[in-house]
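Each chain gets a letter, A, B, C, D, E and F, in the order it is written, and its residues are counted from 1.
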């Protein structure tokens, strides 16, 4: 999940959004020749994510950066995660965008790791996945943060994997027919997932040849019943089962205990609690 | 705060991020000629924001849209805010991006209105402002949502207004000197704001001719003392006073009671709780 | 496989590449008010592909267009496939780009259909797939043409599906280890394909849990032996088998007869024989 | 024919087309610190073209490259034309785009050199030119390959040179009138070419002051007759004569023998036979 | 010289440059539903240029426009050249960019027509040409304005025509050698121009086969002598002669009388005197 | 006023505008390995502006550059302001764009310094400001040149500061009402300027709380009367007074003497007299 060209293009766009025609305060008060060192510090506990991106930002504005802690590590308050050295102006130019990326990505990684740990206590092989409920234009960073937190990125785009939803099924005679059509038409390199609402639909989907079945908005008890039924028919292992809809940190254990393979949560990316991170200038030389 | 050209460009970028080379599920299952109606529905209470943007998205993908509720209104659960009509494929193509924008912008507007109401109970003329702690690439939408919620957008960019911060002051002999320099150098069309940490700095800033003083990370009691001192010197009304740092929904009333003119909160944009909003397809005609 | 936004952006880029600062001949000789009709005609036999794109081009330059024949149909020489009506200048502005797209896409669709028919004579369920050996910047159009000709698009991008190749295996202790790592790390929404060079590697790949095995540069006889061995072990049906490398229209029947699931050919896109198609202006009104 | 800025922009676009959000296979299996060497090898005979572009690609992804053979040279099978050194991941990221460019450009250069040699055997000063029948978005590379093969690029864009075609003449009273208008209106820095269908039109064009006359779809015998007639009138040397339409490798000698100055062939760029070229990783260090 | 796609792209860039995140004054004071009419008026005498571009701007922001006077006409003070009708906000959004384009383009067209008239009094067939001394990013508009004023655009780009300058000749043994090389290497569709400094160089250039000779920084008397020498040798009519360097409105008649074919002036585009043009809102309906 | 990312993007656009597919003359005549030195020389007296941009251009095309004179200094004819070293081809590729930027920016800085000096003779604290009458796409450079010449940039964009104009007032009941609305609605970080036509309007604007009043098209005598009236009411010092409309180098002293704070002139950017600057190649090594 790395595309340096895309990353640089995005960062340039982000910096321009913040700079406009230039930082009128810094350009007035700070001399072009003033050099400084700075450090990026966690102000609260969390899982670090985005440090590569932050380092790239400072390099793009003309500084050197040294990654002290790697993405994915749990970080204590007051820990320095990144050190920077370069023109004072450049550090101040990159500061806000770097912190905005770090705060959000670390917030996502922290939440992901937290729900994943909870779930794995009861289901050691379970995956926790994100959805497409991301901030427009920022999906690459949010999905990457989910992965850094140990989660599964799920689809990045609508061409990543087939996902037949309720709205599609309104137009097709049956689940079997829908699955058959995509198996016939879509490239064999793609998996086929389908969203179902009850046990009998799940069975129909598996028998039609789907690769993944998403149990949408089903209560844990219903999910268990469905899994039992699939086992009884000897088809549980032919398929991955994903539960989705209404799963939160409060109830995730109940869902994990059902024995599904994947739990997906929109809140991982749509309702992020940012981690407080700041940049400290030091050793400024005029 | 409207720039249709910028908006269309952004929306195209967002749609491409989600579509990639195309929606392989919809393109396989839904006929080009299938037409449908759809409605966008609030699943929980909140302040609506982003309905113009959502309507524009559906128009850009080839649908007609009808705005039922305007931005800024408080919306009850199960309320329809937008109606759409057009090719089923186009509706499904625009769905996720439209909802992602609505959910975030409405989350921001809802939080803004909530803290603003709390603060105004005790200080009817106070403003609540956002910061530059926004999602990179999405600032236009987040700042607009703050405004829809009744808040103040503060700076969009580093060239919007001078804001002399602690890091700048490390390089300048004094506050007066820093203010004097920017007044001499920066265009007269720009306001000059300066961040201070105590009462005597605040006084120095006002006397040097700053337009706005930001009291950074000061406790409510300290803020009151500073305001009293400014009044005593007859310079309270020459200046706008903004308090910033550590202000949350829990303590905002304490800050509002101090009598400052503006309270700014990074959390309005960096830690958004999205409003749950969904799209319902109906009346599909193959 | 449709993304209208991407399509319009690409077409604008293509038109600008051809127009530069404007068509100096047409702008001098043709009056702004001159209106005309035109028709796009096949000069030789082939499978039509690209007619939607051609119609979009003429609409973008300000003409109306009427699709006479749909993509995917076999077309006889002298057949009109598209009719256009609009300003003479606009027709001439769009002509070359529209024809260049039609000629290439139809060439690809024609070749794809031809090899597919040959292969299906002996293996009615076989798929013929393209590779990533496409013209840089033009992949969307070339992959779409393969699909119109009845072929499988295979990967559009390096994030579409895992494909472990020889060069990767040089760095990993074993095939099983490589497959295990990707199954652990990559999203469950992705299929896992692996390139192998002999029968025992194929078996190892299947047992490790790969979804697709690509038999690279293996002779038909070797392929048969591998398939027999997989069947003997009862694992033939757990996997898709793709043969690749050195497959041409001359030997494709030999490969099809082996019983593999997919044949992939780089030549479908890297060595296109364009179909001769031209535009005829008529009924020009000054 | 070099514009490094345009080249880098194009290459970034091409790499992004191939990479999407990143190479999920390589990113999973190959360590960031793994370094390697690689070589680009011709698998069949051909004229090398695109080696500068390939080297630039590898440099843009962070490798060093060493050009072993220069563009334009005839290369034997198994010859190394380019050596690369750098992170294994970067080499794999650039591989496909670099090969796709090399294979096509070398295919074009090889075909160009072949027809040019044939033609020059009988007409040592003749030029072989390409047309605007290029792959949309890829014209720069295809025209450059024609030039590397010894051919003439002809027009890149519609503003490069005037070319009055049949469709223009339908709207103008006469050839003389058309030529007169462009001579009056178009910048004196532009040449004026006109497409004619017979001998008397050719004479009219020359007398009207055209710089180049294109004999369109005329048989070799007709072309000879036209040249004789121009000589008889003493105006053969005032003009360049280009033959176009239906010229192939099979009949090119017949056309060359007529004594025209230029032969143009659309097939040089619209129906390319790619040269088989591959990349060999070696000396990989984890 | 028209490329609508390029034009729209440029105009969007220009509007965004002016609008930023939106017109904060208009968005606050003017109602979305307020409709108005407006007219664009010349405040001083001049030649109109840019009215198509201005009309396109107002159409792009959502207004209707009616062109009252066409490009190229001489306009008296207080004359209305364009009428607009649409949302008041949209008119105000497009106003400044439209006027900036009209004022500059009309300034250029006016100056071009003036010097051309002066020159043609004494040399009725002479051309007046612009140079590449244009405002970066705005060349299309400035060259078009020169043409509207009756002038010749000369080269738009460095690939438009060969122009061998003094700096090139420092590296080549002789003028003949330089001309020979470009004739051998550059496409036959390109003209070859060469800059010379005296009569003998001019003769060498003509004899070597150049199409155009530019007499650089030569006094009118020297130019006459050179032309006489060329005539004496019977080669005056084989070539176009351009004089360049130090030509101004004060001395242009002296240069025109020499009998050269073209006079080129950098000042036409590098030192523009804008025409005063303004927009008058009227009939505003809230 | 510096944004390196924006600057590089703009410069790449400018270079591509000039280069097209490449410099056909230089690419033919100059060897890739030829190295040279060059110097940029003022041919007439003026204030230097743009030397940072010129240096950046040469660095972007692969040369080293050394700034001899800094922006803002008065330069005598024949003075070298910038030295360059690098491949001959690269120097020639960057030459025209660099000179076009330097000539225009220096022209603007020169004119700005001249009018500012005149005005300050009589009013030592007065500012001279530019307007939004800039060349579309080139505003950053023109505003920066004004600043280098000692002037004030005024608004870059319509979101920089509120400026209520005549056209807005046609739709609002009164000046006080308009000012009140913007004070209520627009961010407190923005200044509020209003254009008035007479003394009583000016008083109303000041009393309503505007920050800046622009006296539009008022004669010096009327301006004096207005200032006297404001002083009489004790409100002169609460406000900045800008005079605009019809101010030229001929009458600027009369306006300066009135005692206003700012004079703004559109001509600084809309009617630039370029400074003659050229590039001299030297020490060329093949």
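The rule is short, and it goes like this: a residue touches a chain if its C-beta (ideal position, glycine included) is under 8 Å from a C-beta of that chain, and two chains touch if they have at least 3 such contacts.
Quantities reported herein were computed from a predicted structural model and do not represent experimental measurements.
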item	value
Label of the chain whose CA centroid is most distant from the centroid of chain D	B
Interface numbering overlap (same over half, different under half) for chain B and chain C	different
Recurring contact interface, reference E-F, options B-C, C-E or A-B [over half identical by residue number]	A-B
Label of the chain whose CA centroid is most distant from the centroid of chain A	E
Equivalent-chain rotation between chain E and chain C, CA atoms, steps of 5 degrees	120
Whole-Å separation of chain centres (CA-atom averages), chain A against chain F	45
Length of the line joining the C-alpha centres of chain A and chain E, rounded to whole Å	53
Rounded Å distance between chain A and chain C, as computed from the means of their C-alpha atoms	32
Overlap residues in chain D, where contacts from two or more other chains coincide	1, 19-24, 156, 159-160, 190
Complete list of chain pairs which touch one another	A-B, A-C, A-D, A-F, B-C, B-E, B-F, C-D, C-E, D-E, D-F, E-F
Interfacial residue positions of chain E with respect to chain C in the complex	1-6, 9, 140, 143, 156
Residues of chain D touching chain C in the complex	10, 13-14, 17-26, 28-31, 34, 88, 92-93, 96-97, 99-101, 103-104, 107, 132-139, 141, 156-160, 162-165, 167-168, 170-172, 178, 181-182, 185-186, 190, 267, 270-274, 281, 284, 286
Chain F residues touching chain D - in the complex, by the definition given at the top	12, 15-16, 19-24, 27, 60-62
Interface residues, chain D side, partner chain E - complex	1, 127, 129, 152-156, 159-161, 187-191, 193, 212, 240, 261-262
